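Each chain carries a letter (A, B, C and D) given by its place in the written order, and its residues are counted from 1.
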């Protein structure tokens, strides 16, 4: 931590602490993949990849690369004992049916009520692609987003209303950023943790939102 | 054959001759099960049972009864090489999706346009039960019914309009009876084969339908 | 370390409340979770809604649960069997509610609950009395009925092998409703012959991934039971 | 005796007409039926509609088919990739029609075609631009979009083992779209490493039953190909 912000690795490390033992989890491609480096060693967390696997292990090293064994980002991965394979129909049924405890995603923007924008910048000349983004957004008991709170230009990515095309409505439960952790919901965003010497007023100024502080709610993803 | 009618075994034997090599077929419980005794030995016909199996073999004999291996009538059966198992969701998807070439069913009544009534007599005190009847009725490229043409009381079971509760609308393609074979369709029933010395006029009188004779259409179930 | 193993059928079912909706696997006797049903009878929960293909055979298992008046409603496709005496009597006496569903619609409605589908158009049952009052639609010239998911609080199923993560394999036609029911219940309890070491199940041949399973009870080798004398 | 074996990829695809809708399996390179795609390119059918998760990588396979201007429309979830140059250029030039579908809706629409479902309500995409103009409905407080099946004239998929009845097994995450595409096409053509004797495949572990398969082409052991040097 440098002063009042976390590095991406620190965000991932902090988020990893909130993943309960026994969780079935999907890590979106890109930034969220970092979380897998920080999973607490005393917890057993089972990774889902939407291209048809539960029990995914770490990225494959030279000598263990198998072209038939890849993750959703098309990176070669490994298989842990107790793994299973299934087809895309079953894999997305698993997600859509709410069986995953947790999904971690990146975002372009998140609204204070949990709308997510992470699939398109809306630029007219862009090649469109959505992949599993919209399925992941609605496909877990809890959806966590990790991102830097502001763009490089200093504009807040936590907003009142998304201006980018949305991926899902009201689907994000928690937001982990370099400056703070938020809970999102129908009543808006609440700050549950401030990074370093970050103040609520700084966050209010950056986001333009009437943020308040509150203790995080108990995790409600895992049921027996 | 005695004079102008077939026995049940003879109906089953005749129907079996019309099953093409390579057909995937479901035989409904009861009378249609007889057909499996007459499958032409020079054809390979693959039997589906809706409780989750393709490649079903003959009924199990003493010494080979396995309580985990039963057909839809809950009778112990056997497994042929090349068999496969699947769950009820997939099994009925296979039927509903039109993948079976042929299904053979029994009936209380069949209308000349192919409506089927075989699941309920409509008696007010009866315990209702439908099982897979309605799925089988719509669940094959071709649906054949085998039954005696008349009740014991001499009333035709091939009718203008079913009076029993129907199982499916316009779903029966061919009707194999002890007196004749019929093709059914939107334009009504056509006699394609007369048993023994049965005459068209006898059938018209029995059924009350304006029946005509025509050669059977070519089988259209199997595609490469 | 995750372990979904329950010490007994009794402990696996201890928290089933009165009024629960319970799926019970099996097609006839194949795949019927006999020990779990017996434990449910012992446990005492009442006013249950049961989702199962049949409505009990003879006087044991599901039939005994019905006979003990624990079931207020049953959702099934084929209650009438030669030995469904207990259901038949309750039904005639108006003491049990029946929702009769064509078998494939039953399976697809269970599957829909597990797969997060809100409703679906099925051709099965169109134009029949079982579709009366239901929304219909013609799509590309074919007629369909709109059917809704069936979810449950608990699923009680039987499988062949499990590992501590709840991954399951089945055996022959006893697979039947197990995989879809496991996906459609908030809590899935499984009886299996044997719980094997992690890694012993071939990942390509796992039929129900452990994510759908909450509790596993080991009930011993089926081949040693009397009715299995015939299996080589 | 049934035999679904084709002598070559060319003969297995000989009857694909211009204007056909073709599903092509695979997620990235895993499970992509490379030999079949090459044979399709050779075969010459044009004005195709392709259903596939991606829109081609680099300059071979599906990308080459696109580059040869054989594809007038593609239905997929993720065309944009770091090396989707050919698709990108065609799309920017307005020379290919794109129907972009969220991956899970793509999978479920293919599955629906195979399972005879007329349409279904899915929560995925509700409220987004990809659901614009589509029928919606709130069911039990959740918002859904109505989606329709995607069927095909041909499916081209890759599997691991087959027998002469067309029963298939897959390998790891290369299973992906294979089983559902096989169920959704009028004619399913499969490339497999090896065709084994009837009875060699475990009936409990067959993933695609032969009923969904029409033609099988043996393309040789994947482990002997260059890109597989790493697999022990």
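Keep this in mind: contacts are C-beta pairs under 8 Å (C-beta built on N, C-alpha and C of every residue); 3 or more make two chains touch, one makes a residue touch a chain.
Remember, it's a predicted structure, so these values are computed and weren't measured experimentally.
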item: B-C against A-C, pair bridged by the larger set of C-beta contacts; value: B-C
item: Averaged-CA centre spacing for the pair chain C and chain B, given as whole angstrom; value: 29
item: Distance from the mean Cα position of chain D to that of chain C, given in whole angstrom; value: 33
item: Mean-CA-position distance for chain D and chain B (Å); value: 35
item: Junction residues of chain D - those touching two or more other chains; value: 108, 111, 115-117, 122-123, 170-172, 203-204, 207
item: Multi-partner residues of chain B (each touching 2 or more other chains); value: 79, 85-86, 92-93, 95-96, 138-139
item: Which chain pairs touch, all of them; value: A-C, A-D, B-C, B-D, C-D
item: Residue numbers on chain C that touch chain A, as the complex places them; value: 1-2, 111, 113-117, 163-165, 167, 183, 186-187, 198-199, 201, 203-204, 206, 209-212, 214-215
item: Complex interface listing, chain B residues touching chain D; value: 21-22, 24, 44, 46, 48, 54-55, 79, 81-86, 92-100, 138-139, 223-224
item: Residue ranges of chain B touching chain C (in the complex, touch as defined); value: 49-53, 62-71, 74, 79, 85-89, 91-93, 95-96, 120, 125-135, 138-139, 165-169
item: Sites on chain D touched by chain A in the complex; value: 27-31, 53, 77-81, 84, 87-88, 91-92, 98, 100-108, 110-111, 122-130, 143, 170-180, 207, 222, 227-228, 230-232
item: Interface residues, chain C side, partner chain D - complex; value: 108, 112, 115-123, 137, 139-140, 142, 144, 148, 169-172, 202-205, 207
